[in-house]
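In the two complexes that follow, chain A is the common piece, with chain B as its partner first and chain C second.
And now, the complex of A and B:
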């Protein structure tokens, strides 16, 4: 399927990188399962739809979504910022022009077929944000709610997050949908973590059936910086998360964690790529999935330790529970190690719910449904535990509880 | 309270229970003894609704209800409790939350309101004292890191919390030292009421020094082959099971 066909109803933006991206996309086809990083993810159910750039009227009540203590709030509807619903005192530049010079058409970290969607974002985004976190004293908190109103809406968004030296940023992104029909959210994040800065990005993907979400997070880290990304994924028909992080300086720390719950024919794919391009760095990945119905989960954890990147610790774990015989999981670690003083570990386990434990709970009078939920919840809890602060953990659980089989925190 | 009639059950195509009959009335304590592999745990599993075991014939009436028609959790909600021979470890599920969930599901089933946090905690304190279970264990994951004895006492603790009508204790005594045995027995005895009953499955006579049964049954090759008063337990202890085999002509 050609990209040109897919974007035929869309208006490219008039930025230099947008035009460049649009021209790069010409004649390109969407990746197929013959392409290495799309082996398990068929795009047909997404690409067969005709999407259109849509307005920014929405009707969802966001009062249950806002996290009270976050003073900076942004609402992005179908890829466009809704000023009236947003408030903030951070330094934010908005609009496609703002991002000229900040985004290059080829800032791709691992240029390749997984960047088709970032290029679509760059070419067809209707809005963009450059957010500067430069507070040296305290952590800045920002919440962004992305609403997709469906009815064939495509939401392309470009967001650049810059944390300057010593700055601390915590960003929660809520993805929700409303309306009926199909909707496609295609988000592109560029993270720049300067020396000794800390960026935390929590993605709560809680859209409905009928929607598609492809997210690309490309990040670079300088000396002693930390980037943490969490992907909590469920609800949409197709979710693909690309997280590509390159450690450019010494002493970097990268955490990418997530959980996913699939049912019916949902497809949830996390492709994580960590490029250890400097020495004395660490990376940690923990992904847990629960697949029900005929759903499919994909986890690909690629780690490169470059030739001179000595003293690297890289850990990766992916565990899955299959709740039904028709659910599948494809889990693949990919370690490429070219340095010699390196500690790497990876593990991948897929199993079923413990039948003995389930029977034990039921024998105490707990219904099957509740008992399963308790076991699934306890399995996933390890991922919740990687979040900083109990309050954030509780918030994440409260937002995902309708999508993932989680038990409310007491 | 419980009436088992001609119960046949199989696992993986192999018949284990071969026409078992047993009647238990309110207020009674029944001991079931028998050699390894006789089918004692199978009986307990079938009563609790373990789907690994398939009932091929017979019936079980529990308080006027067809027990075999009920889901496992409904059986528990109706007042059946099984103390497992091998309690299961459940990492990540706290003992307390698990019990609170179980109690509240049962109360909901009975049309009662959820227990208040205060009443629940008071109950935890009282019942854990009864079985001398360190209250710290209550906050840990179900049975994780518990010693063998602690697991067994945790079973009795859960039993005390859930206040069943009929409890089935499957070799709760095995692997326990005399002290632990005494504690377990104390728990069972204190919970004994006019309108409750217990089935105590055991391998040894010694538990019956502490829990005095009204009846002793011998389960052998999938059937109750002999029943008698509590003295039967002593006789079994002395003579083993061989004389039973002779008596029933095998």
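And now, the complex of A and C:
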């Protein structure tokens, strides 16, 4: 299916990179399962729909979503910033023009990924944000809520996050949907972590069935910086997360963790790429998934250690539980190593709930349903535990429990 | 660390010549280069093949002509020109009445390879089918095996003597359409080995085939078909070497194993094709399709030690079709200088209670690239399937690469799959420990590498294990990062 057909109702933006991206997309087809990086993800159920750029009226009550201690709040509705609902005292530039010069039409970190969706985002985004984190003293906290009002709405958003030297940023992104019909959220993040800075990005993807969510995160790191990305995914019919991080300086640390739960015919795909382009760095990946119904989960973790990137420690772990007969999991943890003084490992396990543990709980009078919930929760908790603060952990559980009923929440 | 510097080690390593790089001056009959229907008809006519086999070849050729050479593997090489290869080369004097008739030069070749038939006849009781270029020249112990009803002969003989078996099983595990090189092989295969173990028979000796590419500018396209009938057992060994030549020689074989109900096949390979010289010139392109099908309660076990070839592209696989069947894959792949290997396995679980084990050990030295690529697939209906995969990589130099590309696909909730992989270099503490106890660095590395590969070497039959250990030492002497 051609991209041109898919974007025919959309209005391209006026930026130079937007025009360039649109021209790059001409004549292109969407990737198919014959393409290595889309081997397990069929896009047909997304691409067969017609989407239109929609207005920014919404009706959801966000009071249950806001995290009280975060003074910086942004609301983005169908890809456009809703000023009336936002408040902040960070240095933020808005509008497509603000991001001109900050991103390129093609800033591909992962050569294997064709980035068609980030190009669509760049060409058809109606709004953009450039957020400068430059507070040297304390951590800046920001919450961004993305609302998709469905009814064929497409939400393309471009966000650039810059953390200057020694800055410390924590960003929570909530993705919610309302209304009926199909809705497509296609976000593009560009993270730039300067020397000794720290960027934490927590994605809470909790849209409803009937929606589609594709997210591309491209990050580059300088000396001694740290980038952490968490993807909590459930709800939408199709979720695809591309996280591509390149370590350009010595002493970088990268963490990409995720938790996913699928039911019915949902499809959740996490493609993580970490490029160790400098020495003395570390990376960690932990992805845990529970697949129920006829859902499909995909994990593809790719770690490259470049020539001369010595003393690298890289770990990848992917664990999955299949709860139903018709659920599927595809796991592909890859390592490509061109330097010798490294410690790299990956592990992947797939199985079902431990029958003995289930029996143990049931023998103590706990219902099967409750016992399952306990086991699934404790399985997924390992990912939640990687979050920095208890309060944040509780918040994440409270936000995800509407989509992951098997999650324990007191 | 010892005074022995990294540079010196690298030099030592580079100077290690290929000790099997001799050629044998035997007059051989070679058809002109190129590939078309006439060439296929010529090969088929020379071998006096029945009509159905010619048709099989021609159909394969047609399929191949429409295929594109794959490039998904993690290897870089100049694609062979398929019109510049001679598809048939046979030593001129064929069919020896007795061992004494065999050309002395050829005997010498075999001696150099360390597989003197005479000695093996006397000492080891291994039956050898020796394939030089494309024609099988001598098969020993045939009579003894015949008493048990075991058929072990060259592929062409099998076509003449047992056409019904060949026709029944040829192409059933690796169909003509399978991949580019399998299609090519199906069109032009010149000879190979055929083996049939009757019901309930336990083959009393290890069956062995030795392949060697001798003639310049020829490709070796052998075809192996091994059928283990119900409740039988066979252990099959395969060794490969090639002379040292500047050009790249192509080797595209197809091996099909059929393990019927309750049968067990153990297939071991020591592959030491010429890997090219230290600058990466020459060497064999080894593009092989090996696959076995397991029926109810049967087992197929692949063991391979890969030290040769400029480019390797090889995935011995098991289709676990029957319930309670088992697939095993044990592999050591060593690459040095400019070698490139993309090797691994596929375990396809279709039956219930099927089990598979994958142990893969990769060692990269010099400027080589060594990749593990494997698939574990659990079908919707494969209840209680079990897989354990371990793939470790050892890096000897900072210019080499070690990669892992595992594909794990699971459609059944009762499956239990475990995959783990590590990549590291030889620990300095391990070497220090050995040095401290008076073991020199060379020996220490040998010790550590052999220990690292032990899980796989243990699976090899005795005489192969010795050879494999020697090969490991040859390939790795003096290399540490």
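We adopt the following convention: the second predicted complex is superposed on the first by the 400 of 410 C-alpha atoms of A that agree within 3 Å, B and C clash if a C-alpha of one lies under 4 Å from a C-alpha of the other, contacts with A are read in each partner's own complex, and residues count from 1 in each chain.
Assume contacts are C-beta pairs under 8 Å (C-beta built on N, C-alpha and C of every residue); 3 or more make two chains touch, one makes a residue touch a chain.
This structure is a prediction, so every number in the text was calculated from the model and none was measured.
Colleague: Between chain B and chain C, whom does A:332 touch in the aligned arrangement: first, second, both, or neither?
Modeller: A:332 sits against chain C, while chain B stays out of touch.
Colleague: Examine A:345 and indicate which partner it touches, taking first as chain B and second as chain C; both and neither are also allowed.
Modeller: second
Colleague: Quick check on the superposed pair: does A:86 touch chain B, chain C, both, or neither? Answer first, second, both or neither.
Modeller: Neither partner.
Colleague: Which chain, chain B or chain C, is in touch with more residues of chain A?
Modeller: It is C that touches the greater number of chain A residues.
Colleague: Of the partners chain B and chain C, which touch A:379 in the superposed model: first, second, both, neither?
Modeller: first
Colleague: For A:324, using the defined touch cut-off, is the partner it touches chain B, chain C, both, or neither? Pick first, second, both or neither.
Modeller: second
Colleague: For A:151, is the partner it touches chain B (first), chain C (second), both, or none of the two (neither)?
Modeller: So A:151 meets neither chain B nor chain C here.
Colleague: Show which residues of chain A both chain B and chain C reach, each in its own complex.
Modeller: The overlap between the chain B and chain C interfaces on chain A is empty, containing no residue.
Colleague: Contact residues on chain A for chain C in the complex?
Modeller: Contact set of chain A toward chain C: 36, 40, 307-308, 310, 320, 322-352.
Colleague: Help me check something: in the complex, which residues belonging to chain A touch chain B?
Modeller: Touching chain B: residues 354, 356-357, 359-368, 370-371, 374-375, 377-379, 381-382, 410 of chain A.
Colleague: Looking at the complex, which residues from chain B come into contact with chain A?
Modeller: 48-51, 71-73, 75-77, 82, 84, 87-93, 97-99, 101-102, 105-106, 109, 141-142, 158, 162
Colleague: Spell out the residues on chain C that touch chain A in their complex, using ranges where they run on.
Modeller: Counting only chain C, the residues touching chain A are 72, 74, 380, 393, 395-425, 481.
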